[in-house]
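What follows is a set of structures to go through.
Both of the next two complexes hold chain A, though its partner changes from chain B to chain C.
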Partner chain A sequence: MPIRDDVVVVGGGLAGSMAALSAAESGAQVRLISHKKSTLRQASGLVDVLGAVNGDAPVSDPFAAVDQLPDKHPYRVVGVGGIREGLRRFDDVVGDRYRGAHTDRNALVVTHGGTVKPTARYPVSVAPGLASAEEDTLLVGFRGLTDFDAGAAADHLEAAGVPFDVDGSTVDFPIQFRDDARTTRFARALDKDQKDVRARLADAVVAELDAHDRVGFPAMLGDDHEPEVREFLEGRLSATVFQIPTGPPSLLGMQLEDLLIDALERAEVRLSTGNPAVGYETDEGELTAVTVDRRGRDVPYYADEFVLATGGLVGKGIDSDRESVVEPLFGCHVPHPADRYEWSEAEAFGDHAFARFGVVPDDDLRPTDADGDVHFRNLRAAGGVLGGADVAREKSAAGVSISTGTYAGRRAGEETVR
Partner chain B sequence: MSDTEFSNSTGPTAQDDFEPVSVFEDGEMDLRPGADNCYKCSVCDTTCPVAEVDDDFPGPKFQGPEQWRLKRKEDVEIDDSIMSCSNCMRCDDACPSGVPLSQMHNTARGAYVDEQMTKLSREYVRNRILANYGTLARLGSAVPRLTNFVMGNSLVQTVNEKLLGITAERDFPEFATETFREWWAERGGPRVRSEDKRVAYFHGCYSNYNTPEVGKAMVRVFEAFGYEVVVPRQRCSGTPMFANGMLDDAERAASVNVSELSDLLEEGYDVIASCTSCSMSLRQEYPELFQLSGIEEVAANTYESLEYLRIHEDLDGELADASVDEQAFAYHAPCHARNQGLDRQAVELFREVDGVEMEDVGDSCSGISGTYGWKEEKYETSMKIGEDMFEHMDDAAGEVGMTECPTCSMQMEHGTGYEIEHPLQLLDDALC
Partner chain C sequence: MSNAPSALVIGGGSTGCGIVRDLAMRGLDVTLVEKGNLTHGTTGRMHGLLHSGGRYAVADQSSATECIEENRVLRRIATHCVEMTGGLFVQRPEDEDEYFERKLEGCRECGIPAEVLSPEEAREIEPHLARDIERAIRVPDGAIDPFRLCVANAAAAIDHGARVETHAEVTDVLVENGEAVGVEIEHESGEGSFVHGEAGEREEIYADHIINATGAWAGQIGDMAGVDVAVRPSKGVMTIMNVRQVDTVINRCKPKGDADIVVPHETTCILGTTDEEVDDPEDYPEEGWEVDMMIDTLSKLVPMLSEARTIRSFWGVRPLYEPPAVASEDPTDITRDFFLLDHDDRDDLPGMTSIVGGKLTTYRLMAEKIADHVCDRLDVDAECRTAEEPLPGSEDFSVLRDWMDEFGLRSPVGRRSAERLGSRMDEVIGEWDGPNPTVCECEAVTRAEIHDAIEGAGSDLNAVRLRTRASMGNCQGAFCCHRMANELVPEYDEVVARDAFEDLYQERWKGERHALWGQQLSQATLKHMLHATTMNRDSDPAATEEPVDFGAFDPGPDATSAPGAGTESAGGPDDAVADGGTGIEAAGGPDRDGSNPAGETDADS
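Up next, the complex of A and B:
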């Protein structure tokens, strides 16, 4: 048995990474298998735990609201204790790069669409922009950076009733990039202060400042040197400067990815990226290996315990065609209405059944079959692949991934060193 | 070349009798599902090493799905920026939606060179020469000492740059005085015979003409594990030809390789490559770009050398008791190794070996990308991309570099002056 570890985690997103870290903590040798670059590049970098229950937002204390969730919700399996354990581990990973750990209550983070998102943890650079602070705010966008419309975002925020004046202004970025330039190009220019861009940017914004207390930019104020860029701008503008999380490709998401990879490397987790997991091997009803398609060849990765963290419908951990919904790797049971027209509602942001599609865990996060029996004794599931939560509507995606990942990884590790 | 041309037969008028299977002419690739899968998240653009340093380069999303769609219109030409794509294939690895970006880039580049590039232009001639490095090397290595002397002459380098556009900044790789194949013949071929452990070695051009020590290490290591090694007739894997849009040249080379290797597969051999771009080419680009009998089987049975041993032997166990002279290495994972999921195996494997200190110098591209960094107009871009890697190599404890890719190795040496080894050489030291 050539490629062998104690624990194999399948899926390199937030749930998989947290599972691998938590399993490694127990002393197990852990391998994390992921097909592509982390999906955190698509994510805002915010950590929401629970922002809405039954369509009512915002929830102020997510921990107090957990018992209003349906019985089959993953939070009901790991419990409030499991959520806290996950967040503690997350706080260890991100250290002083994130805020929010000082309270149980949700912070209200301003998004690039001009909405307010109840959030449990958020990057340091986002913190000064919270909607709860009564400081007059200027949002700044750039011509050519179509991802963020400062004027529209400001109007949305005003309509949402934020307790401060908010205006939007669109300026020219001091360096003219080619059309359709990504936030990463802006960030790189500011990082390296190309062509004196920091000072020129400050000059461009000063003209628009008009006594606002704080200024929000889309999250592109540098990557490696973002704190320095923000400090510089604050000095020149004599105002607080904050970042607004963006859609993909998201700089804040990439920075979270980097923090997680650093932590995984420190924990000596073995990372195998670039090939998809496609099958498995068993022995007497136990999982013995996950097989990975290495360009046409199925190669087994052996372990004693396994964690499935392949994501939901978007992440392809759950797949569907016109007839049915399946978990493609292990064929775990995914309950869904037989009639396809019952999978969704007419309303775009309605209470869709598809949003809760996923595997059904037992009380130890092990996927079960249609009769409620455990699929494999040594397989646990975490994150988006778990059913029962509408994470987009509840604003709970990161929290579900962190708490179930931490739980599944810890249990897998405990089982191997037992 | 019929299978790399874009079809113009799918205009709106053809919609009425749309039939998914017959839209594309015989043998032509249907890239539509790939293009449709792109939801424009632009993550590929943020992982493109060329876009990172060259603001004029539109990035993989444009070069792939967007350009493919534009080309549906009859009067739209392929943008010449396609020639600035270095074919590192990182975008493939970044795409969360399975868009075959590098395949799209390869076909677009092939079509551009076929249809839009003047065959008498200096760029075409230079690219053709670079793409056919194997031929050049065969001639040069027939008289290695003379060639090394001539190519090392600064006057010759200047002429190369002025006349051909091959940068004078780089020293031409030295040819070995004895090629790998000459050594192999001299040695009398395989020393181990086996019915069930058999590998066919695809050495590629570079280990044959320039670094035969890598090929020799491969033979010693595999024979130590009881494998029968054979060295089939072979041509260039095609990597530099894809990168220069010379798909006809690549297909000719591929047909020789596939035919030779197919015969060996039937006799129970698996195919092993020591260069990660060669293995990438045989595994991914061959079946993506060509239709040759046996090509799928060759792709499915090709491995990188270390990968093969890790799957089939207890390498960890063997290395547990091994020790080598103390040495710290600065390891760089080639982009093409990354795309095969091999980017961490050397570090993972050698980390525990007594005497070895192995440090990964980060996930940036080395910037040379085969022939790319040899082009006078691309040299600066190539060095800018490599900056990160050079810095990390400087910071690393080791003053010996390590990588699987011959051209990454040139770039590492060029940027730092370090001596560069292949993991097989360290494995050879540790086990043989």
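Up next, the complex of A and C:
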């Protein structure tokens, strides 16, 4: 029997998940196809909306800054209203696990490199550490951990002019792991309170405390039981305890992924994971199916509406060779300079063309060809696969995924139940 | 001050490092100055081939003979810098039989062990060789790490009392009464270990003899002394692959040509190269077609290269020299031999000698010749011992044990460390106190090795990179640049670490740009995301003049102590929540009040 749903979403990252949830909300039967683990686990778990525009950073009100973005930016398609709609849906998904919905203003979150960065939503464990709260801070790192150096981060924050005193301290983690143990190892030990590790950690940090109001750790204070660990430490230290988002492997990113998966299951979205989408079928110019390679066999997944949320260059939703840049699944048009040396700038943090590579949407997020005509009436794109945004420099990655995912999913759902 | 005669060596490439070691071992009071890191010039920008001499066996037999002799010496004195991969000269159907025969004969005439292999035998050694090759000659080519080699030579020199100053550029050659007597240098930071941001200073160093070992830059030093050294710099491209597609050096068996060699090097393969004369050794075009030619041409020998991933490309400048009378038009015709220019004999300028031409494989021999010459000039009677005494790190083979148990390192990490450190393993890893986590995962470099390199190189993370290979793997520093910078603190200030980090990151980017397609573009985008998005390094408030108005930002839902400036902003964006929270229409219009009274960065825009 053929596999048929109302909406098929290809891609299981933030954009694809939001699209699936949004489509399901409209009453449609939704299937989400994902191949590999999403890039969320490489991301910090923060939800940036817009933090830098035209060289001005940090931006304090992301909504007010949207109209300074170029016309082709995905935010200009969904508008401020679309961004707000996406954030509302996101807030529903994450519930009390995230903060930031109380204000339009960006928060400045301490990064593991000791800078601050503007973001719109942040995990609840990150909230007490915001740089705009004037509370004296102790950062704590661990001797065996190379990604975060508390002393360097504290000095860097002071150089950034934060409005509080900040010190850094490096302690030994109470349990000795192999030298190159990952943060997930530390988190698991704290989760399970192996060998009384919570109390021993508190003891190690107490010795370093000097009337600090709050204490920041790299985000490894447990996984499932992180709130418990934090509460315990706060009791012992008589100070607020917060987490500092990290690079991969990022516990906060993985926890966000878990929240999305829970929400997808609640919404009864059908999940097909582990196999790549490799092709499609059409009928009179309309997309009728996406085909998935299941152990060498092409299996069509039929639907009325489709959302392409396969990611950008990192997630391989956009691919390239020495001559050209392509969207590999549908062959959607991806504008790019002919000379690959124009894809990047000489400065490492320059205004790289490659950062904006992606498909060109019409005003309904449908990918268009070189002439501006839509590829398929019933295909919309969301997230990193969309071009026109340098989400790294703008600090807009999550916001673009959430708003375009929500928009594309809602529209797909509306079309099928109409 | 010692009473020994003194010598000053300009240039910290393989030749200069070889000379300073040799002269120090002969008891001279010797100083080496280098304007960048050790290997800053051509030495750090070569394919890492330890020649068997096979490449010169037809056209330049004296070079070929020197190569095989020095090849044997280096295998003995620099074991921890050399990997004896073996090499093949591969003949394709379109390549001439006659040249193949001459190559074989030439190898034998020069004492280079050479054995003819059938295509099947060749593919047994290297399964990825093209199906249609005719045959191959096996020779004892190898791979050599030029960074490790230079650092080991410099370390040996320092052990024998030499002074080595990196980041010290010669700004003038001091000539008094018609004699070269010293140099003026400008230290980029202070004297000794390099520290980012530390004020520079000038210094005059006098010596009984000055040796100009600056390779492609020899003409510039010559100019300062008023002598003409007509080096003919010739550029060549090298493209680095993500893995070792081959484990043997693969040469194309045909007369001179571009893109005719693949050298396995550490975790990578290096494709080379081109040969094109340039005017300025520091300013020449680096172009994509050169990279394309490496991939397309060498794919004829190893077809899988056409679809393989490259991680970066770089260019080097050969310091070619020929006596001006020869006047070759094509740089590929210029000899690879080296020349000792005695400026007393040649230009009536006593006190200075230049050494030009040559190649890395024969660096020790070149150093020996010039050290002989300097000793002769200074009436020093001392034997050269550099061919017998192993370099620091190569004294003892027993280091290639199983390091896992001994130092708590996972086996592959320990093995890689032992390969790099050789007999220094005990000193660097064994004596390390405290946790020794892996800092660079691609190249398996641990904290102890990083600190050993910092001790030798100061705050310069590019020098740390060259000594350890940290950040030289597939991710090109995406996951380890910041970790390396963290290791500088607290010995160095955070701001020093930040500058060093920027320098390293930018240096990595320069070469990555030549590999930006396919998987490596994907990798580079991830790196961009990690460093710009996750760490916000591209708009780091600590690096900008404009202070951040922290009061204009969300202090958190439960904040009890918002900064003073917050009161000003409270009436602005926060009021909008009420409007914006109700629906798309209410908030989405362009008429929404976009002003932001407190966010001063916005006010500027």
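Some notes on this structure:
Assume the second predicted complex is superposed on the first by the 417 of 418 C-alpha atoms of A that agree within 3 Å, B and C clash if a C-alpha of one lies under 4 Å from a C-alpha of the other, contacts with A are read in each partner's own complex, and residues count from 1 in each chain.
FYI, a residue touches a chain if its C-beta (ideal position, glycine included) is under 8 Å from a C-beta of that chain, and two chains touch if they have at least 3 such contacts.
This is a predicted model, so every value here is computed, not measured.
In the overlay built on the shared chain, the residue A:273 is in contact with chain B alone; chain C does not reach it. Legend: residue contacts after superposition of the two complexes on their common chain; A:42 is shown touching both chain B and chain C. In the superposition on chain A, contact of A:254 is made with chain B only, not with chain C.
Considering which of chain B and chain C touches more of chain A, the answer is C. Contacts of A:296 after superposition: chain B is touched, whereas chain C is not reached. With both structures placed on the common chain, the touch criterion links A:2 to chain B but leaves chain C unconnected. Contacts of A:188 after superposition: chain B is touched, whereas chain C is not reached.
In the superposition on chain A, contact of A:178 is made with both chain B and chain C.
Common to the chain B and chain C contact sets on chain A are residues 39, 42, 178, 180-181, 248.
Those residues of chain B that touch chain A in the shared complex are 41-43, 45-47, 52, 55-56, 58-59, 62, 93-96, 283-284, 296, 299-303, 307, 310-316, 338-344, 348.
Looking at the complex, you find that chain A touches chain C at residues 39, 42-44, 48, 51-54, 56-61, 63-65, 67-68, 79-82, 84-85, 99-100, 102-108, 111-118, 127-128, 130-135, 143-149, 151-152, 155-157, 159-163, 172, 178-181, 245-248, 312-314, 316, 319-322, 339-341, 343-344, 346-349, 352, 354-355, 391-393, 395, 397. Considering their complex, residues 287-288, 292, 295, 408-410, 413, 434-439, 446-447, 479-480, 482-483, 485-487, 489-490, 493-495, 497-498, 505-506, 508-510, 513, 516-518, 521-522, 524-526, 528-542, 547-559, 561-563, 566, 569, 572-574, 576-577, 580-581, 583-585, 587-590, 592-596, 598-599, 601-602, 604-605 of chain C touch chain A. For chain A in complex with chain B, the residues that touch the partner chain are 1-3, 36-37, 39, 41-42, 177-178, 180-182, 184-185, 188, 248-249, 254, 270-275, 292, 294-297, 299, 315.
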